[in-house]
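See below for the structure under consideration.
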């Protein structure tokens, strides 16, 4: 069905997510306003954990909103640390956000330009909104209801139009655009995600199969395998993470917990095999919520390296 | 109480289970009808995960049902991959199955002959039946009710008679026969398992102390320690796996999840110590359901090697 | 805020807890009455798991209650095994125990003298009582109600007075005294622990921030981060362990399970960073309940070594 993958277990780009690091320091300083030394201290931890690739996720730092000179300083720093940037992901910057949709659209265009500057091959956007109060008050945010994309065909079309616009921009500068699967958005199920990217209908726009977002929900969910099988032909830059998932049929109890990729419900050995069989050739982003996310991300990186094919085509 | 164990942490046979691999491929091909190259691709993953021993469990491939020439091809393949076969386990081939009991009895005799051909030292049989519909529809099959052995002394005697018959056959060809502990069968508790093998009363027939099958149940269970203490004098070829087990006394909630052997409820350091003190000297089969079973099995293998005695008698 | 820490990831003292080992052997022998060879067999496992530091926790062996010659034998043994003893912890020897409080107070004085003999730098005491029957009958003891410190200002003052007395003794011989956070005791919350040690008001007396004891409870708990922030200025010898913690806001279900430090709810990378920023410079004790505690403790030790600062001041 496909040609051989372009990378192997030794060199496949596997980026650290910055989601374990907050945008505000304990003393109230914003990472956005930190000096280079401050960024360096944080990124030194990422390097110390064995990473050679980084996604400067904007829940930590909005690189695209730095001044040009500060942005050059950031990229000089990552280069000096031996970190390459295969992709930049945004989080909670929906282009149809009721309040900030247009501003986020403009921001996403800037992220694309910044990704080019970073030497990246992909950007990743999603339609999920800010945390609800209930989510903020929960031990794990996914156990409480969050913002939902409206059940409104006009809004769906607006989302398609704006993301197609971003997709064209990305294509012009040689980037792929990966759209994140996330509950209660227009990419909230495998079927919806496929329908959405087929409507955008651009070869460089695909699905970020972050099904960890879905299998952690305290509600009935589709089997990870059928989800991956449905989205595999459309997969681009891939956020990966895993969860324990327990269901008690007697009582309807459902509980979930973050765990290392190899021990959670999703069998990533199989999921990656299915993706590769459909020609997946993008980078991975290893994620983990809860506990020491950076350490778990490093464990996830090593796991992926162990199960990827031995030798590139 | 016993002589020193015949192996040490460096050379104790620890076989990969094939339960992470299905009997039907995504394209509908049966593993039973696959060519040698297909088997080779699957077993290459097992070797890549660091295994040098294999149990060709029949949930993946019924080696005993291959033609003699195909069987020779299979064994030539495993040999070429550096895999030895310490034992062959069957799954869901109960000799008292209401429909197929006699056919499965004949099949189990063929498995014994095949084990000899494989150079194995053991076979492992059980009295558990096919998955119920409720089990097929559950996230984890052990959370739903399955087939039960009938509460019928005549059927119990028939099971004893047929397995004793198989035990004699195994003895004639120098094999041990290990009978798997499994809920709602005549080996569904430690006491029942002991009573059952004592009734068979053959020195080469013992208990496969797969207590992971029991401690994962969403119902009250006996403590792993008393179970192991009861069955230790009768233990043969040993299927090992572990589970998280949570109980909330306030509400009666019970939930379980597969986890690596070192982190689950059963303390295998202690369980193995108890078994060795009673003369356990058979091979291990590392198992794991859920997620990437093969990777978890490899982790389990390394764990066992770390805690086994340093030097053989 | 503080000077550089005195150790780095290579040499920070990280002691094995003896809580995975019982005080009574399977054959009924008390560890307290075992010969040196018996102790040696147990400690050989600790060494085999890679430990170079030991806390001879008294749930295993009351070193302070050995005769002087037996005590010398014990220390000669640990020395011969390459084990140093940075601290001695007691468990369930509350100096305000309704029955044994005075005897335990005398015992704790002996523990201090023994710690000096051991070359230790710290002792660790707590106000938690013996297991209740409900705890003994639970799968995990922390899911059932235990003994509570009385809501009685006079008793609180007695606890302060007796522990201040022990603190002065410790100071005289150059030891720090760390008081263990434990639910339903006078150190049952971060605020209560701070209030308690501030009342004692001795520079060598601080808090053992064993917040794993608290986050495992099947009841609402304070966030680990605010607990650590509150107690950080007072932290001494530190018992560390971690748990999975799941809450379902819909039903109020709470379940927890022991897990390796890097995968549980507490982010120890952050917790240690906060502690170091406040000048924490004591040893760690790695703990783990459930499953193979010693193996999990060894995993925890390696994890801490990976995330501690690279080079000492």
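All chains are identified by letter, namely A, B and C, in their written order; residue positions are counted from 1 within each chain.
Everything that follows uses one rule, which is that a residue touches a chain if its C-beta (ideal position, glycine included) is under 8 Å from a C-beta of that chain, and two chains touch if they have at least 3 such contacts.
Quick caveat, the model's predicted, so the values are computed rather than measured.
Residues touching across the subunit A-subunit C interface largely differ between the two copies, under half of the numbers being common to both.
To overlay subunit A on subunit B by their CA atoms, one rotates by 120 degrees, a value rounded to a multiple of 5. Mean C-alpha position of subunit A lies 40 Å from that of subunit C. Of all residues in subunit A, those touching 2 or more other chains are 244, 253, 255, listed in ascending order.
Chain contact summary for the complex, subunit B toward subunit C: residues 242, 244-251, 253, 255, 261-270, 274, 303, 306-307, 310.
Put simply, subunit B touches subunit A in their complex at residues 20, 26, 45, 48, 134, 138-140, 143-144, 218, 244, 253-260, 290-296, 299.
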